[in-house]
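In order of appearance the chains are A, B and C, and numbering begins at 1 in each one.
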Amino acid sequence: MKTKRILSLVSSFVLPLAFGTMIYILWQTEILHRIIGADTVTLPLPSRIGEIIGANSQSIAEHTKITLKVAVGGLLAGSILGYLIAVVAAVFRKWGAGGLALVSAFNAIPIVALAPVVNNWTRDMSGEVDIRSTAAKIIVVTIFCTASMSVNAYRGLTELKPFSEDLMKSYAAPKIVVFAKLRLPNSLPYVFTALRVSVPSSVIGALVAEYFAEDTVGVGRQIRENIVKGQYPTAWAYIAVACLIGIAMFVLLTIVERIVLKNRRRT
Amino acid sequence: MDERTEIMLDNIGMTYKTNDGRDVTALTSVTLDIRKGEFISLLGPSGCGKTTLLRIIADLLTPTQGNISVGGETPRQARLKQRYGIVFQSAVLYDWRTVRKNVMLPLEIMHVPKEERIDRADKMLELVGLSDFANHFPGQLSGGMQQRVGIARALAIRPEILLMDEPFSALDEFTREKLHDDLLRIWRKTNKTVVFVTHNISEAVYLSDRVCVLSPHPGRLSAVVDIDLPRPRTAQLKSTPEFTALVAKVRSSFEGV
Amino acid sequence: MKIKKFFSSQKFIVFVWVLGIAVIWEIFAFIVAATKRTPVNVLPHLWQIIEAFFSDKKVSGKMTMAELIGTACQETLLRAAIGFAIGTVLGYLLALLMNLSRIVEKIAFPYLMLIQMIPILGMAPIILSITGDINTSRIVIAAILTFYPVSANTLAGFKAVEQEKCELMYSYASSRFQLYTKTLIPSCIPYFFTGLKISAPMAITASILVDTLQGGNGLGCMLSQSLKGGMTRLVFWDIVLISAIIGILSYQVMGLIEKLICPYKRTKKAD
């Protein structure tokens, strides 16, 4: 029986790894190019991409820092804002529910419409391009991340197990105590549900916001700039970095979630 | 094997490993002969293995020890020949099908021709008293009614054996008592062998010909009590001294509880 | 009584919110008009935007605003729809395969997680250069973005089927095909639609984004052209408004389709 379980666990790793290796080989040997009809200019070999990453590690690190600042800054601001909106909606229940329906509609607005609009708003904020653009980018990411958090946090604050509110009532607990001891802890798993969506969104938002920004820094912008200049391997280097950023942040989120929600019962 | 035996259980045992490698014995040395057409209950508290035993009969589980035969065949063969109807604790109806179509589900799987399907389904719905609701959706029915649809569906394939896993435990007492009488009426009419799992002593005594008392840790058959109350059984029976005595007898047969 | 009921209904509340937002917009527009040099660039009045949409003035070449946006919409949305359809079909098939075969599930699962974590929208420029053609790349990106939510949600739908439903089918000695067609596939419809509702606006966003990277006639192209001064700034604002409306509508349309396909009430578990 035990060998069966070990085999099952091992195959969960080995099989996808084997598949990935196969794709890598297809790519490096250019068979992949023939399949999808690309050429080695627009789709450089992985070895070439690796070279470029090594050669440019300094500037790559710079741009990564900038993009991370925007992504994380917007994520934090959006999450806090979203949570506050959820709290207000939970307090003013009737109006809150309707307002939240609208907020989730915001999610459906294409980010491409958002970014230029925000850019214009921040135009007169400051004389320096640097500060203007960063502010604009962070605002875009903030808006992008707010909806998911507010909808989920609202659910977390209001969908309580049956009778738990009644229990609090029987203790004659004031509303603020009910909030702190019941609603807040109850909402934590929902916060993480929201983060699982908004963390990747924050990265996407940062990259797309960079396309429309005034300044030309950041991983996303570099992808575009290098393509425009025809320097494909460099562009791909930045694409690889963008993917790594997304993966790293998500893995970090998973670790934090495990720690914070350590002993909770799985519903 | 006796001609009248429908299900024969010989020294059935069920042991399985938990996630941390320990051995758990759900059932041990259960030997029992279930006769054709009898109404038999498997009664016991949680953890006594009664549901495990039912699932072994239904071929949803394979016992780790012992032999079992159903009408001379293995449970698997019996299942493939659609000789069982199962009713679970919750009705397990399909939200997207009407009541009638829910009852027709097993018949579709068995490729019964369409007119016969509809005919049989309607007959079953009449038997459980839900003809007026044939075109309703499960969401519009109460818990008791949903469970009756579940029974109709189990009977639709005309099985020889009806297996019921605590079918009424999720319902309130009034609904339950009404369903007891409905079930007995249906059983009288159709002459099936019924294996009924429950944790309610008076329910087991009221419905059955024999009550198999199972005790936990490890799950085992402690006693088989004959219920020689007259049939047809009526609600007044529950206040007679004979009934009370049988309930007491069954209760005292439990070990280690 | 009826009037009171109307005032506390959900629809009325949403209506009040929309009105509230419009009022706030207008207030800001007035502030902006008083303080900025070119208010149109920052925040024009709502009525300015709406008026421009319906006016007969020629905005670009021979087309009025409405005509311009109309043709741009066609070009962008058609490709988004095609990509959406392709992504839906592929996503559904993958979920099906993953449920049918443990091996496929084990191989695909980590990659599916990866797609969730990777900023695909950020890769729009490179997909454009690989395919070289703006229409193809609109379709490809919309398809990729639709693929993940549809397959993840559909797979969750398959896994959420109660154990007892499968055991019932087992007790009827049903074939695997019957199990899928009668039980698993109908059960996962609500989850499937959740995936569709998430990905419909994203597919549209993707298509518009690709537009902005290259010249042409799509919504995004008009957007960037207007931004750079090629056309009056109101084109930009009208497109922003229209794409927001289309995004929201696509979500609602999916919900409507779901209501059409599944008119029955879903029973709640707690009884």
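Note that in this section a contact is a pair of C-beta atoms (placed from the backbone, for glycine too) under 8 Å apart; a residue touches a chain by one contact, two chains touch by 3 or more.
Since the model is a prediction, treat every value here as computed from it, not as a measurement.
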By CA centroid distance, what chain is farthest from chain A?
B
Two chains sharing the most C-beta contacts:
A-C
Can you check how far apart chain A and chain C are, centre to centre, with Cα atoms defining each centre and the answer in Å?
18
Using mean CA coordinates as chain centres, what's the chain B-chain C distance in Å?
49
Based only on mean CA positions, could you tell me how far chain A sits from chain B in angstrom?
52
Chain C residues touching chain B in their complex are 162, 164-165, 167-175, 178, 182-183, 186, 189, 262, 264-267, 271
Chain A partner contacts - residues on chain C that touch it in the complex:
8, 10, 13-14, 16-18, 21, 36, 41-43, 103, 106-111, 114, 116-123, 125-126, 128-130, 132, 201, 204-205, 208-209, 212-213, 220, 223, 227, 236, 239-240, 243-244, 247-248, 250-251
Can you list the residues on chain A that touch chain C in the complex?
11-12, 15-16, 19-20, 36, 38, 42-43, 94-95, 97-99, 101-102, 105, 107-113, 116-117, 120-121, 123-124, 200, 203-204, 207-208, 211-212, 219-220, 223-224, 227, 232, 235-236, 239, 242-243, 245-247, 249-250
So in the complex, the part of chain B that touches chain C is made up of which residues?
58-60, 79-82, 84-86, 88, 90, 92-96, 105-106, 108-110, 137-140, 143, 157, 170
